[in-house]
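Chains here go by letter, A, B, C, D and E, matching the order in which they are written, and residues are numbered from 1 within each.
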Amino acid sequence: MSEIIPIGPYHPLQEEPEFFKLHVEGERVTKLDIEIGYNHRGIEKLAESKSWDQVVFLVERICGICSTSHPAASVNAMEDAAGINAPERAQFIRMIVCELERIHSHLLWLGLAGHFIGYNTVWMWSWKYREIVCDVLEKISGNRQSYAMFKAGGVRRDILDEDIPWIRSSVDKLIPALDLFKGAVMDDPVIHARTKGIGILTEEMAKAYCVVGPTARASNVAIDVRRDDPYFLYDQVDFDVIVLGGGDVFDKAAVRILEMYESVKIIKQSLDLMKPGIVDLHIKEIPPGEGIGRAEAPRGEVYHYCLSDGSNFPARYKVRAPSYVNIFSNEVACIGQQVADAALVLAAVDPCYCCTERLIVVDNDTNKTREIKGNALIQLSHQRTEEIKKSLGIS
Amino acid sequence: MNPILFSIGLPVVLGCLCWMVSGRNRWLRESLTIAGSLALFVIGIRFFISIPAPVLWGQVTLFSLDALGSMMLLACGFFGFLIALYSIPVMRDAEMRSAYYSAFLWTLGAAFGVILSNHLLLLLFFWGMLAVTLYMLILCGKSQTASESARKALIIVGGSDGILLLGIFCIYALTSTFEMHLIRLPLDGGLAILGFVCLGIAAFAKAGAIPFHTWIPDMASSAPVPGTALMPASLDKLLGIYLLMRMATRLFILTPVFNTALLILGTVTILAAVMRALVQHDLKRLLAYHAVSQVGYMIVGIGTGNPIGFAGALFHMLNNTIYKTGLFLAGGAVESQAGTSDLDKLGGIGRLMPWTFVTFLVSAFAISGVPPMNGFVSKWIIYQGLFEMNRSGNSLWIIWLAAAMFGSGLTLASFMKLTHAIFLGTPGRDIQPGRVKEIGLLARIPMIVLAVLSIGFGIFAYGGPMRHLILPSIGEVDYPGIWSPGYATLMVLLGLVAGLLIYGIGRSNQNLREQDSFIGGEKLPVENRVTGTGFYETIQSLPGLRFFYRKAETRSFDIYVQGSRLVAAITRVLRKSHTGVLTFYLVWAIAGLVLLLVWLMGR
Amino acid sequence: MNLKMKALTKSPWVYHLSTGSCNNCDIEILDCLTPRFDLERFGIQLVGSPRHADALLVTGNMTLKSMPRALEVYNQMPKPGVVIAIGTCSLGHGIFDGSYICPKTVDEVLPVDIYIPGCPPKPEAIIAGVAKLLNKLAGK
Amino acid sequence: MESLTLKYFGYFIGIGCILTPLAGMLASWVDRKVTARVQWRVGPPLLQPFWDFVKLLGKETVVPRGSARTVFLMAPLLGFSAVALVSTILWSTIVHPETGFVGDLIVVLYLLMIPSMAVILGGFASKNPIASLGASREMKLILGYELPFILACLVAVIHTEGSIRLGEIIIYQNPETYGPVGAKLSGILAIIVCVMVVQAKLTCVPFDIPEAETEIMSGPFVEYSGPPLAVYKLTRMMMLITLPVFLVILFLGGMHFQGWAILWSILKVLLFLVLVTLIRNTNPRVRIDQAVRFFWGPMTVIAVAAVILALTGN
Amino acid sequence: MKWPDIEKKIKEKFGKQILKWAEHNERRIYADIPLPLLKEFVQFLLGPLKGRFIIASGVDTPRGVIEILYHFDFYQLPQVFSLRVMVDKKNPKVESLAGVSKAIEWIEREIHELLGIEFTGHPDMRHLILPDDWPEGNYPLRRDQ
């Protein structure tokens, strides 16, 4: 008789609500039921009012961790539909932001993975170094997360030339930290015992479930949109696609750690190659037609599809986030594992439920437009907070 | 009439009466049983207070009683009475009640006979009678497997009777007497050792020590619970250990080799049986394996070969009988109320059967050796015996000590699982408040009495049971250490009070609120529950143990199954000659005739 | 102020409840525990069960599917306990206003004690908010 | 006799129920502070454990519906009183090594199992699959570490010529005569085993499997709140000081309170405490079968080796 | 295998049945196919051509048909190949492809609940992201909602 161990929806393993029903016998998992939808914000009625520019803001809030991959894919899709290319400097800035985000995301995952297996020191240390990345991003964009940098046709802010040396030195500081983790994680015998041979996703299964990103690359499926379908100017920089063959949790971690080195490499090359120039084409409209944008998020390929009917609003907007396919692959990777391992396997794909349940569809049929820009929103919230504070009597 | 003969004859006669009472007259049969067992209990008390004169037949002492025996009689009478009380409500629906009550009374009579016998052949007679009544008791079970397990028990226990006979004749060959009080054999010759081993096998088979334990779990799962509580849990333990005690203290003079052998067998019994118990899915089988495991402690105690160890073994025997019977009774109560003993289907009964739960919990703590219960004290005295070995320069004591302590950890583990699977945890589908309720008062009394005894024997061990029950048969012993259970208990209570004070500061009873359990914010459907049977699968699949568990599953350690396999193999060889061709038989017959002729001519 | 409230302000254990957020706020909450900000200085600990919690940190829109569960979790938190709404989405709906799946805001479902705005609020803002909450409790 | 009784109760109340909890809070603070420093954080203030405890006392108690309420509420108290008793025995032995009864070592070993058992009972009683899972893991962990722990403790017994009285063990380890057991090779091996076992008894990483927060949401404690949780936390804190003291008695010759010896004694306890904390912070959690295998494999081998070495006098 | 080879093979096999072949640019290719051909086509793409399913997206058009686009790529190649089928809004039934690739299972559930398309033969047609008590017949992505 099998018992059910629920993981979620509110579970310390995941920051977001998600419900995994682990059917177990003793400690062994025999079946996994995935129930999602707690985070589904299905935004269409609201999104009907979003203009092309606002869509970028909107997709940024699909997910906080990969908060620039969705805009990246989004601007790719719009530029594909419009048949234009952003200025070169803007492309490099986009690449820098994307790669910084990749580092931040991988460090974040590494820390959380450490937390999941009770190794809080790794958590603390990796998040300590993540702060460096956040600082750089804050310098570039003005925010630690949700940078609001991208728009169709360019970027919103230029990187100031006087900041570049500081950025460069900050990024350099990451290398010793990465070396530290490489040593601490990849050589630790206990981590080996916990992660090697655990939750193996074979190459066949990886292909059957069409997984993407590090999850696929750890299973010997060499896909990386940056190389296969170069967007921005990834074809002008030199980097390796890390592919390992084990498919277990350890390889998934190793792929991510090694990828961070490549990201640092890309950032430094981009900083070198960047020439002064304009950063925005100020596109006025998107012509009717379809556009497909892809970007390699930290978790894998982000896929956006947009349909324009020539108006200021997209007629259809479709997002496929990497976790959408990766989480589903847990269905096989968890079977036969112990409960303790299953939790780790679930975490190892770096699931991002926000992404999975995005469903952002932008439609222009109704005209319930409410023009609230990002800043106005924040102001509104500030006002509201003030009111509440007043009502509560706090100054 | 001589009181000794009366005490043996009475239950036998009453048993026959029971047998004759017509099937519908339930009431009369039950009163006969109660009266008989109560009478035996009273006789036990009387014999304990004043030991009766031996029964002589010419110069031969047929029956006699000493301090050890009188303690045993008291215990037998006591448990017999309690289980008789318990049987009334539990056996009400059983099909073969008449046979059960007769067998019950005959069992008691035979047990008295064994203890009272001074003559080895009489002992053998009663010993064999017990095997027969055991067979009857098992057959009273409703289960399909009853006849199979009854046969198994009869073959193992009855077979050991044959071996006992052999042993008795070995002894007779050496000493030319059957009277036990005259025998004191040194273990120096082959025949003496053979006799010792034979008697030992008989005692082991009765007490259910490894490797002769396999009939107990099978019996437990098919026989009626009171029967299991009566035979393997209490009387058989008492008698087996009684015989072993007799052997170690009276009949033979042990040498260190045999002590070590006993210690090895004892520790193996403790560990192997408890390991099997860990992974059982059936309540009664699990308890039965513990019944086996606990014997190991007594054998270890006897194996120490010093008075403290003996005292510990005896005391543990007594305590074990108390809590083990308590456990079987509680388990039986659960089974009779819930209708199943499958751990997968039980759960959450603690709220529905609070008395049973509490008595079970007390007994479970006792068997796991949690201070200050009685199980701890007697184990503790056995450990003292092991330390005593150390003083006499034997450094192997560490192994026995570690194994015995580890065994009690394992016991705790399996009882935690059991407690969870039966009383705590989520209720099974059939466990509903209306359908399952507390068992009747008559069955509850024995359980409560036993639970109280478990605590009482633990707290007042030295002043009470040790001084009055055990030591008279051992003689004064010098404990190296005295664990003062009284103080410790008081302090534990004080700690509880202090904890309650902490609750009081937090005023937790006023701030009590009931809420559904937190399972990640999701509500689980009823059928999704943790039953607790799979808990120890991890243990089962450990590389070293996997082999043994697999072997145990295929019954490779079951002496009965292996024996019958051997017999089957032999007959298979013989069967090969059964070709069905007439000439073959002719050839065999002629060859046999020729051989016979040769043999006859050779004489 | 009684000892009970003082103790509460000295050691608020928080339980993190995401009701449909985009992760940003959640990350920043975790960030508060890490070396740069180290909320443990104030005795704040992240706990795994709402039974241990003194404060619920609610982030994100209240989606339909989360709503009953969030209420359930709130009920399971032993009182006295507070609810802290973090991020623009949980204050109103933020950019997700008008979505068919988020009919109610967080404070229409749970009794929110304090609101920390931002998309996402910086860790400093969260700490400041929590500190204000503690002051508020201390003033109770 | 009367005065003796009173004395014991005085000890019990004073030491078991007041001093040890306070010392435990201090130890818990040391643990958390060291952890924080290892993680480049500042860490909690000195009174933090105290405030945590007081706060939990002031909270309401939520009882899960359908649970065995009495067991649920009484289980924490059982663990508390067992630790209080153990700590009373240990401290009174330290103060007066000549008192105590023969065999108190065994009693202590048995009593030390009770707090874990209380956790298990409480977890089982809370009618929560997660708590049940945690409790069963705790039980398996006990199974795992019990054997090497007993063997390692016996090393000290062998060295002190088979004395199973803690007081005698302390006296025997007087530096002028025999010296601490921990200075011998077998003693060092036994200490290694014991430190790992203490780690498991305290359910610290790498053996925090029963209450792995990120897997099973603090396991057996998942349903506990308010005062019962406070008592559990207090028991844990008391264990955090009691177990190192126990090891100090067994292997480092106990503690002395004359002059500078106080400092030395405190250092000895701190040594074990910090060791436990450091191990906790430099290892990930293992799996339950790995833990059991670890204890039944290498740890038992080391413990047996220590016993053999001790028997040969090393 | 490069894209021209793939294109040739597709056209060899299905050339006549493809309703429309559009190349937005060299990396983005769209093909309209009749609905009954869908399963065979996808099997061909994922099998012999070693393609990779990315996602499917449904669009409710004002013309009264629902378009479903199935997007594929071919591992290391930059091309994205999108198959377009038209489903009648009055009888929204499509043969399920869940048996062809596991990866299609979820998205079909999603399209089912958001656009109200019936996938015949799907093993598990529960709600994926909407609550279980979501009103029947309310499909958020339909234009009339």
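Here is the rule we use: a contact is a pair of C-beta atoms (placed from the backbone, for glycine too) under 8 Å apart; a residue touches a chain by one contact, two chains touch by 3 or more.
What you see is a predicted model, and the numbers here were worked out from it, not measured in a lab.
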item	value
Chain pair, A-D or C-E, that carries the greater number of C-beta contacts	A-D
Innermost chain, where centres are averages of C-alpha coordinates	D
Centroid-based (C-alpha) most distant chain relative to subunit D	E
Maximum centroid distance from subunit C, chain identifier (CA atoms)	B
Euclidean distance of C-alpha centroids - subunit C vs subunit E, Å	42
Gap in Å, rounded to a whole number, between the CA centres of subunit E and subunit B	70
Length of the line joining the C-alpha centres of subunit A and subunit C, rounded to whole Å	24
Touching two or more other chains - residues of subunit D	39-41, 57-62, 129-130, 133, 213-214, 217, 222-223, 226, 288-289
Multi-partner residues of subunit C (each touching 2 or more other chains)	34-35, 48-51, 65, 69, 73, 76, 78, 100-101
Residues of subunit A whose C-beta touches two or more other chains	3-6, 9-12, 17, 27, 37, 40, 42, 44-45, 124-125, 128, 338
Of subunit A, residues touching subunit E in the complex	36-37, 40, 42, 44-45, 80, 83, 207-210, 221-223, 227-230, 289-292, 294, 301, 303, 305, 307, 315-316, 318, 320, 324-325, 328, 331, 357, 359, 361, 363, 365
Subunit A-touching residues of subunit C, taken from the complex the two chains share	16-28, 30-31, 34-36, 46, 48, 50, 60-61, 63, 65-66, 69, 73, 88, 91-102, 114-120, 122, 132, 135-136
Residues on subunit E engaged by subunit C in the complex (per definition of touch)	130-131, 134, 140
Contacting residues of subunit A [partner subunit D, same complex]	3-6, 11-13, 27, 114-122, 124-125, 128, 188, 190-191, 193-194, 338-341, 343
Touch list for subunit B against partner subunit D, complex	348, 350-351, 357, 369-371, 376, 380, 383-384, 387, 390-391, 395, 398, 401-402, 405-406, 408-410, 412-413, 416-417, 419-420, 423-427, 480-484, 487-488, 490-496, 498-500, 502-503, 505-506, 508, 511-520, 524, 528-530, 532, 535-536, 538-539, 541-544
